[in-house]
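After this come two complexes, each holding subunit A, first together with subunit B and then together with subunit C.
== the complex of A and B ==
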């Protein structure tokens, strides 16, 4: 065997090293297009934030539409998520999923198809006048 | 050299030298890095794109979440700039002097009186502020066109009040209040709620590179605006029929 040489099987290790070098080089190079993706995600996040902000607007007695809806037992006659979903899908091309969790983290209400990977979420803790006094409303949005 | 490498590999029955491995690794590393950096040199204005998006985001945020700033005294700034203007609508010098920032958000009426002018309600727009902000003739009187100014002086002064500072580079912008289907909201007299440089000229979309950001908002009353108002004391079961889009373009 010549000195300073290695066997064919060890060439596998060599190819792995070369592959690692290529991956390192690609990852350490400047990226393009990520800014646009970040702003697209930010836009979706702000849609979700704004919708929850509006639904949780307090009236003169410190109640909001969200708190009234939770206290009503999630009645669609108080808050119609189907109509909101239809409007968002038609006008913005956005799908939605709503979840309500109690303070123990248990799911007490769910609306819409399960959110896919990459869906953007926003949440709001809504105080109510009856026990357990607070619920977390989560809104997931994603582009159709 | 290539033939020598092949010959060495054949002669040594599939063996290769460590020197060769190092050489190939360094070569691949160099070629990959160099190619990516060369490509980056040919991507024009990517920094500017980020700047435009961030600027559009900032303007949309200020308009939808902030109430604005009016200098009441040396120590006091208040957000009820629209009421201040309506008190003396023709006192353009005072408007020019005391209006420091334009925001369209309402201030809270349910908190303590002391705080009532300090708590902004994001996305719940004050219709009076909206009507005044989109009144271009008002701003033309406040900031009359300057002869020799290369752009639209009125719009550029207004830009300073919504967080768009053109001192380093000049920004064009357009702000519109739209229904959810994208068409522009109008006043009851038919005037569209849109202000800024035109997006379309003779049917052609003007901005080549632009930043765009939208916020979903509602109005507190609709006395003069053709849109549903959102009343938190009597909210509809489908609040989305009150939703409007505040659309900001910057280019």
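== the complex of A and C ==
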């Protein structure tokens, strides 16, 4: 084998090793998509927590909008979920689904399209003055 | 074999190993950054805060019929259990218009115990 051929072969081997390492480096670098997904989930959870917390703010008689709404038999004149949904969709691009469950887990009220897989949920325990005394309001949020 | 070629090959290998090590270091650093910045968010702050808030509120809400307080707490525990949280609340009257609240909240990562006095006002 001539000297020139040896140089070519060595250069080829070196470049192959460097190429292999670059491929390895690209594959093992952090995937930022995962972090973005995590952040989106956290953001939606925070939205859901805040919405429920605001709707459950205690007034001077220790009731809240949510407890009054449940006690009224889910009247839209007490709490208008349609307006909340429209607002969320327009301002944040977020869809919602709300459910009210009794302590046994039976569904007593639901509003909005069924939540897709991956929708983020939050819940609120709402005290009411009549049995069963506690209801669960569950809110699902997801991006359009 | 050519000596110059061997040197080129050796330096190529060294550079490659260096790049690999730097990549591994950066990956580890970025993952630890993720752990440090996001893992506290996994703690159920909202659920803990809500537990204390609703338990306190129940004492005030059911002041005209205090026998409803334990009924509410029992159902509250059941709702929390459905979400994988252990919550037990107890309120005992210690003085007229004053209750002693005892709340225990547990998950696999958190143990929270709250003891506080709550007025019925």
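Annotations for the structure displayed:
Methods note: the second predicted complex is superposed on the first by the 112 of 144 C-alpha atoms of A that agree within 3 Å, B and C clash if a C-alpha of one lies under 4 Å from a C-alpha of the other, contacts with A are read in each partner's own complex, and residues count from 1 in each chain.
Criterion: a contact is a pair of C-beta atoms (placed from the backbone, for glycine too) under 8 Å apart; a residue touches a chain by one contact, two chains touch by 3 or more.
The model shown is predicted, which means the values in this text are computed figures rather than measured ones.
In the superposition on chain A, A:132 makes contact with subunit C only, not with subunit B.
Of the two partner chains placed around the shared chain by superposition, subunit B and subunit C are both touched by A:25. Looking at the shared chain after the overlay, A:105 reaches subunit C, while subunit B stays out of its contact range.
When both complexes are overlaid on chain A, the residue A:77 reaches subunit B alone and has no touch with subunit C.
In the superposition on chain A, A:62 makes contact with both subunit B and subunit C. Using the contact criterion defined above for the overlaid structures, shared-chain residue A:42 touches subunit B and also reaches subunit C. In the superposition on chain A, contact is made by A:91 with subunit B only, not with subunit C.
Of the two partner chains placed by the overlay, subunit B and subunit C both lie in contact with A:17. Put simply, subunit A uses residues 6-7, 11, 14, 17-18, 21-22, 24-25, 28-30, 35, 42, 53, 58, 62 to touch subunit B in one complex and subunit C in the other.
On subunit A, the positions that touch subunit B within their shared complex are 1-2, 4-8, 11, 14, 17-18, 21-22, 24-26, 28-30, 32, 35-36, 39, 42-43, 46-47, 50-51, 53-55, 57-60, 62, 64-65, 68, 76-80, 83-84, 87-88, 90-92. Residues 3, 6-7, 9-11, 13-15, 17-18, 20-22, 24-25, 28-30, 35, 38, 42, 45, 49, 53, 58, 62-63, 101, 103-105, 122-127, 129, 131-134, 136 of subunit A are the ones touching subunit C in the complex. Taken in their complex, subunit B has these residues touching subunit A: 12-19, 21, 24-25, 28-29, 32-33, 36-37, 40, 43, 46, 49-50, 53, 57, 64, 109-110, 121-124, 180-182, 211, 213-218, 230, 232-233, 235, 237-243.
Taken in their complex, subunit C has these residues touching subunit A: 1-2, 4-6, 8-9, 11-13, 15-17, 19-20, 23-24, 26-27, 30-31, 34, 38, 41, 46, 50, 54, 57-58, 60-62, 68, 71-72, 75-76, 78-80, 82-83.
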